[in-house]
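Going by the order they are written in, the chains are A, B, C and D; count residues from 1 in each one.
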Amino acid sequence: MNFRTDLALERRELIYDNVPDGVKFEEKIEGKTKITRIKIETKEGEEALNKPRGNYITLEIPPLSANPTESETEIELIAAEISALISQKGCVLVAGLGNHNITPDAIGPKTVEYTLSTRHVAESMPQFNFRPVAAVAPGVMGQTGIETGEVIRGICDRIKADCVIAVDALASRSVSRLGCTVQISDTGISPGSGVGNARRELSQSTLGVPVIAIGVPTVVDALTVAQDAVKSGGEAFIDKSKLGSLMVTPREIDSVVTSVSKVLALSIGRALQKDLSVSDLYFLTQ
Amino acid sequence: MNFRTDLALERRELIYDNVPDGVKFEEKIEGKTKITRIKIETKEGEEALNKPRGNYITLEIPPLSANPTESETEIELIAAEISALISQKGCVLVAGLGNHNITPDAIGPKTVEYTLSTRHVAESMPQFNFRPVAAVAPGVMGQTGIETGEVIRGICDRIKADCVIAVDALASRSVSRLGCTVQISDTGISPGSGVGNARRELSQSTLGVPVIAIGVPTVVDALTVAQDAVKSGGEAFIDKSKLGSLMVTPREIDSVVTSVSKVLALSIGRALQKDLSVSDLYFLTQ
Amino acid sequence: MNFRTDLALERRELIYDNVPDGVKFEEKIEGKTKITRIKIETKEGEEALNKPRGNYITLEIPPLSANPTESETEIELIAAEISALISQKGCVLVAGLGNHNITPDAIGPKTVEYTLSTRHVAESMPQFNFRPVAAVAPGVMGQTGIETGEVIRGICDRIKADCVIAVDALASRSVSRLGCTVQISDTGISPGSGVGNARRELSQSTLGVPVIAIGVPTVVDALTVAQDAVKSGGEAFIDKSKLGSLMVTPREIDSVVTSVSKVLALSIGRALQKDLSVSDLYFLTQ
Amino acid sequence: MNFRTDLALERRELIYDNVPDGVKFEEKIEGKTKITRIKIETKEGEEALNKPRGNYITLEIPPLSANPTESETEIELIAAEISALISQKGCVLVAGLGNHNITPDAIGPKTVEYTLSTRHVAESMPQFNFRPVAAVAPGVMGQTGIETGEVIRGICDRIKADCVIAVDALASRSVSRLGCTVQISDTGISPGSGVGNARRELSQSTLGVPVIAIGVPTVVDALTVAQDAVKSGGEAFIDKSKLGSLMVTPREIDSVVTSVSKVLALSIGRALQKDLSVSDLYFLTQ
C-alpha cells in the first residue's frame, strides 16, 4: 500500500477499520495543541502501517508566526516529547537531512543552522553545564555523491555520539497539516521516507545508537489533494494520470520552512540543555 | 466568473462553447513550441474572457534546463513576439513585479536582476548601439507601503520612458503549464491579476505609454488541481471547503523560477538589443 | 582636499588647526555612546569640510550584537536625533541607497527590508495611529540604468512624501569606527559621497522636501589604513601606488551589515511611530 | 616567526637572504600565468618556512571574470598541477573547508557546491567513465561542535576514499594577490592555517590517504597592508597597536569568492574527469 504520507497518524486513519491490535493509540489536547501517540507493537502493526515498531508522537500545533518566541508553549510541548524518548546524558548528534537548495526539503538543514552546538565548548566552559551537542547538515546524495546515512554514520562513529536526532521534511496527505504538525519517533528513518528521495536507513541497527526522528510535513502529493477534495462516492471520477508525481506545497513555503526550523531548533535545545530557557537559546542561536 | 487563471488561452478553453466572435484565435507549432494568438476585439470578447481588448500571445515551450543558452530557440521565439508588439525605438522600462522573498512570486524581480540595463551608458558608449533600457523591481505594497503601479508611474514619468515591459508571475489552471508557458500581451496588467494580490493597473491609460505584459504561471490553486483531476460527471463530489485559497506550486519551484527568469531576461534582451546575440547577453548579465 | 571619509567628525579632526568659526562643535557622553554635533554655518565652513551647511550628528555606539533588541538604549538615542531633525507629521519616504549584492554597500537596502512600511494601511487601520511611511531600495545605476536620485525623485513626487530619510553606507578613516558609528544629517546626500559611487544629489533643492541622511561607515580605504598605522614623521615612507583604490572592510562584514541595518530600521521606526516600542517594531518587522 | 601569510611563495620571499638549501624554487610563465614551484626537502626547510616538507605550487592568474568559461586556459593549468599530484585512480573526497556564512571564508563550501559529484552514479552509469568523486562542506567547529578534521576523517574512513582534496581560503601578505593566486600542495592542511581559525590537521598522517590542499587568499591582515605600503626605512613608524587583528578584504569580495569557487571546481573537475571538457563540466554543475 502506498500511503502517500509519512505520518503514522494519517496512515492509521487510512486503515481505520482494519487497525490491528498491535497498533495502540491515544490522544489528548494540551492548550491549542493536539498530541497523538501511536505505538506499533507487533509485526501485524508494522505491516499495517508499513513502519517499524516503536513510538510515533504527533503534535498538531497552531500556525507559527515569524517570531518563534511567540510559540514558547508549543516549543515546551515538543521538547517534553523529545526529552521523554532520549537518555538524559551523553553526546547528541543532530542531523539535518534534505537539500537546503529546495525550499520544502530544507527543514533539516535549516534546523541545524539554528541549533546550539556545544560539543566543542562543553568541557572548556563547565559553568554552563552544557550537554554536548554536535549538529551537521550532510547534504543529499545528489550533491555529495554519498548516501546520507553513510555520512551520518561516519561522523557518528568518529565522535562516538550516544544518540542521533534526525530532522527531516515529510509528506502529508492534508494541506492543512503542512508546517504545523510535528512527528517524533524513536524508530529512526527508513529508506524511502522523506519527500521522495530514497535515503539509506538511519536507525539503531545501522548507527549502533538510538535514533530519534523529528519531521514536519511540507508537501502533499497532488493526487492526494484531489482525493481529499472529493466526497465519498466520487473517488472513481479522479483521473490519476493527470497528476503524476506532482508534489504540492504552499505558496508561502519560504516563510513556513524558516519558522518551523527555528521552532524545532529551540525545541531540541530545550530538550537537551535543561538550564537554558527558550529566550536564552534564541539569543544564543539567532 | 472566476477563471482561476491569468492565461487568456485557458479562459478561452473554459468557455469553449460560448466564445464570442470578438475573440479571434489561431495557433501554430514552431519546432517544440506551440504559439497561440488570441485577439480580443469587442466588448463581448472582453466580458467573455474578463480581460481588456488586445493581443494575447502564448508560447508553450519545453521544460527549461538550468542553462538558459540551451533554450536559444525558444528565446528567439519569445523575443520575436515581444519585438512585434513594441516600437523599435525609444527608452524601455522593464518592471519586475512581485515579491522576491516568495519564490513563486519572484519571477518579475529575478528577471530584472538578469536584464541588461543600458540607459546610463547608451549615450556614452555609442559603439554598442544600445537601445536605452532601464530595469526596476519596485517590490510589493506590503514591503514598500506604495501601490506597485504608483512606483512604476513615478519612475516612468521621471525618466520619460517610451514603453514599459511588466514581468509578473501568473496563475494557471494546469500544473503541466507551470514554468513552461509564456504569455505576452499588449494590454498591460489589470487590477487583481497576478497570484492573488490586487495591484493597481499598469496600462497605457495609467502610464501614458504602451505597456507590454509578460507573465509565466508558477501556481495553480488547489481547487483547480482537484477539479482537473476529476473526470466529467464527478464535479459535484468536490468539497470546495477543504481547499480554501491554497495555491499549489511545484516542489522544485526554486530552480524553475531561476531558469524562467534567465530565459525571460535574455528574450527581452534579444527583443531590445538587436546587435547582441543570446551568448553576448548571457555573458554581459550573468 | 580628498578627505577619504564621509564623516563630518573625521573631516573636522583632519583640519584640526584650521577649523573656521563657521563650524560649531560640541560633544557629550550618554551611557556608552558619544554624541558629537557639528554645525556648518558659513561658506568657509562648507569649504573647510567640503560639505553643505547644516547639522551633522555622530553617535559612536558600542559594537552591536546579533540581537538588535539588546541595543535598545542606542536605538532610543539614534531615534531621538532623527526625531529632532524632522517634522512630526506627514508621509516619510525611507530610501535605502546602495547595492544589495555588495555586502559593505548593502546597509541601505537591508535597512529598508527591516523598516515598517505603513503608508498603505495608515488610513484603513486608524486604531494604530500609524504615521505613513513608505520604504524603497531603488538599486544602483549599474543595475537599473537610472541615477538613484532620479528614481527617488520620481517616487517622492508621485506619492507626495513630506520628507525623505536616505540611508547609505559610508567610508570612514578609522577601522575602529566601522559598523559602530552613525552619522545623521539634515543636508541630504551630495554627489560622490558614499563608498565611491557618484550618485546624483538627494537634497531639499532636488526633491523639494527635507532630506535626512543616515549613514554608517563600512569601509576604509587601504591608504588610510596604512597612514593611520604610521606614526608622526613616517608619512613620507608610504608608497601610495601600492594601495590604489582598494577599500578595506572587516572580515565579518556580513554580520556587521545585518546588525547595523536592523538597528537603523528600529531607530527610524521609533522616530516615526511614537506609539510603538522597540519590541513592537521588532516583532512587526523581523 | 609569524609570517601572516599561508602562501609558501610569500614566506620564502620574506626570508629571501636566508633560504636554506632544503627549499628548492623554480618559476615559469605560461601565457598570462606565473607558476612557481617550491619544494621543501629538509627539516631546515620546514623550520625556515614553518610548513611541512612537500611541494607547493603557486599559480598567479589574471583577475577572473564572472564567467568561468572565459578562464579556460587558467583552469587547464590549475587542473594539470592538481593532476600531477594525485594518483589517476580511485575515489576522491573533495572537502570544502571554512564557513559559508562569512564571505571571505566561503571559498571551500562554494567550491564544493560547484563540484561534480559522481561517486553515487559512477557504477550505474559506466558509459560516462566517471572517476568516483564525493564532495562535502562540513562547516566549521563553531557551527557543528566538531573539529573539521574529525568530520572529514569520519567520512573519509566510511567511504574509503583514496585521496582527499581540501579546499580552503588563505591569508596573503599582498592585496594584489587576493582572488588571483592559487596554491596547491601535497602536504595537507596544518593546524592554524586558514584565516585565523585553528583547525585540526588534515594530512596523510591523520587521514591515512594523500591530502592535496588547494587554497586561494581572500584576506590580508591590516598590519601587513600598512607594512606593504611603507617604503624601506619607514617600518619603525608603524604603530602596530592600531591595527590589532583586523583582516582586510576587497570590497567586491562577494563576486570574487563566487568566481574563484567556480574556477576551482572546474579545475578539480578537469583534473579528475579526463573525458569531460570545461564546457561539459560547467553545463553539468551550474
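One rule holds for everything that comes next: a residue touches a chain if its C-beta (ideal position, glycine included) is under 8 Å from a C-beta of that chain, and two chains touch if they have at least 3 such contacts.
For clarity, every value in this text was computed on a predicted model and none was experimentally measured.
Visitor: Since subunit B and subunit C are copies that touch, just let me know if over half of their interface numbering is common to both, same, or not, different.
Guide: On the two sides of the subunit C and subunit B interface, the residue numbers are mostly the same, over half being shared.
Visitor: Tell me which chain's centre, taken as the mean of its C-alpha atoms, is farthest from subunit B.
Guide: D
Visitor: With contacts defined as at the top, give the pair, A-C or A-B, that has more of them.
Guide: A-B
Visitor: Distance between subunit A and subunit B based on Cα centroids, please, to the nearest Å.
Guide: Inter-chain centre distance comes to 38 Å.
Visitor: In angstrom, rounded to a whole number, how far apart do the mean CA points of subunit A and subunit C lie?
Guide: 44
Visitor: What parts of subunit C, by residue number, touch at least two of the other chains?
Guide: Counting only residues that touch two or more other chains, subunit C contributes none.
Visitor: Spell out the residues on subunit B that touch subunit D in their complex, using ranges where they run on.
Guide: Spelled out, the residues of subunit B in touch with subunit D are 66-67, 283, 286.
Visitor: Under the stated contact criterion, what part of subunit A meets subunit D in this complex?
Guide: Going through subunit A, the ones touching subunit D are 113, 117-121, 132-139, 141-147, 150-151, 153-159.
Visitor: What does subunit A use to touch subunit B in their complex?
Guide: That would be residues 101-105, 175, 195, 219, 222-223, 225-226, 228-231, 233-240, 242-243, 246-255 of subunit A.
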